[in-house]
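Before anything else, here is the set of structures, which you'll find just below.
Look for chain A in each of the two complexes below; its partner is chain B in the first and chain C in the second.
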Partner chain A sequence: MIAPEFFYSALIVMIGAFMALLRVFFGPSVPDRVVGVDTLNTLVVAGMILLGAAYDRTIYIDIAIVYALLSYIGTLAIARYLQGGLE
Partner chain B sequence: MIEWTIGIFLAIGVTFNLLASIGILRFPDVYTRIHAATKCTTFGTIFIVLATVTYSIYSYYWVQKDPAWITIGIHSALVVIFLVLTNPVGAHAIGRAARKSGIRPYGAVIDELEGRL
Partner chain C sequence: MRSDMGLIVKTTARATIPLIGIFGAYVVSHGHLTPGGGFQGGATIAGAGILFLIAFGFGEMKKRYNHHLYSVLEGFGGLVFLGAAMLGLGVAFFYNALWHEGPILNGQPGTLLSAGYLPIMNLAVGLKVFTGLISALFAIAAYRRWRE
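On to the complex of A and B.
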């Protein structure tokens, strides 16, 4: 059973993720691209929750939990690298 | 009734996520882009998870007594707790790293971090 309102919301979130991807492509500096990737991570987590509710699968939402934590660690690692490494 | 509640929650969440994407394309420098993206995506995802939790509670009590619905609700709430705790910290790290790597705020009148980082 597919709940249609969750599915269409996932489509609109995917349009937003595409616009964040444009910032990753055309960002003039490196922190601009990092901000684009950070936004893209949060939008992908939102899309995973929406698709998990649309298709009634619990496992998609578990994957969203793991993805949220791993993207946080990735953002922290890139920020640490940008500010000149470990001091 | 409950369909309207879920629809309004989803509309608010999706609208704020789209506003974050528009803001990240329209604002002039890194710090204003962080400002738009982090707050709008966190707020929008809170409302998307509210819609999912409402849908799971409604489906458990009125459609089918299946414990998988309760699992979907609790795990979505866990996702939003992690996002609310970790998203601002990541944005703070990016902003501090950008200022340390020498990017000045666009059109800044006063910069209190000048020479202190």
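On to the complex of A and C.
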């Protein structure tokens, strides 16, 4: 069963992701781009969940959980680098 | 400069590291049923180690990291993979003897204890990837030529 409303909401999330991508492209400073990438990660997780619901596959949720956990680590690593690196 | 990050990040890491580790173990052990498997689960568990290194700093990691143990475990993972591949050597290399007439791991397809040697190989690859990535990351973090 393929539900079309999940595709529409995934499309809306995709539009938001493109707007976050604009901040990554045109961000004047590095922290702007980092915040843009962090927003993009969250929106990608939302899109994965919605597409998993649209295609009616529960196993796609696993990938979204892994991506959410690892994107947190990536953002933390960039923040660590910007605050002065490891020791 | 501080060697670790702030209190919020450290507390969050204390809560998140077991979560990432358990989820990585889930991905490894269900490699024959769900997306993922040895490499993906091992890399996820290595993400927990990277989070530890980032949140608590290099000194704390150095106290808990044992180079010999990780090196031995990486070799052990490769040997278990080869040993599982040689189980059915009477027929052919990589012959899935556990699935055809083995005593264990030959349950109904779709259950956890099925698929013959695949779960053993997933566990071996997961162990190898986890220890290898942690060793590589630790070596990169310990490499400090810029200070001299």
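Please note the rule applied: the second predicted complex is superposed on the first by the 87 of 87 C-alpha atoms of A that agree within 3 Å, B and C clash if a C-alpha of one lies under 4 Å from a C-alpha of the other, contacts with A are read in each partner's own complex, and residues count from 1 in each chain.
Here is the rule we use: a contact is a pair of C-beta atoms (placed from the backbone, for glycine too) under 8 Å apart; a residue touches a chain by one contact, two chains touch by 3 or more.
No experiment lies behind these values; they were computed from the predicted model shown.
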item	value
Room on chain A for both chain B and chain C (clash or fit)	fit
First (chain B), second (chain C), both or neither touched by A:63	second
Partner chain in contact with A:13 - chain B first, chain C second, else both or neither	first
Which partner, chain B or chain C, touches more chain A residues	B
CA minimum distance (chain B, chain C), superposed complexes, angstrom	6
Overlapping contact positions on chain A, where the chain C interface meets the chain B interface	62, 65, 69, 72, 76, 80, 83-84
Complex contacts: residues of chain C adjacent to chain A	1, 3, 5, 9, 16, 19-20, 23, 27, 34-36, 40, 44, 47, 50-51, 53-55, 57-59, 141
Chain B to chain A touching residues, read off their complex	3, 6-7, 10, 13-14, 17-18, 20-22, 24-25, 30, 33-34, 37-38, 41-42, 44-45, 48-49, 51-52, 55-56, 68, 71-72, 75-76, 78-79, 82-83, 86-87, 89-91, 93-94, 96-98, 100-101, 103
Of chain A, residues touching chain C in the complex	59-60, 62-63, 65-66, 69-70, 72-73, 76-77, 80, 83-87
Complex interface listing, chain A residues touching chain B	3, 5-6, 9, 12-13, 15-17, 19-20, 22-23, 29-32, 34-36, 38-39, 42-43, 45-46, 49-50, 52-53, 56, 58, 61-62, 64-65, 68-69, 72, 75-76, 78-80, 82-84
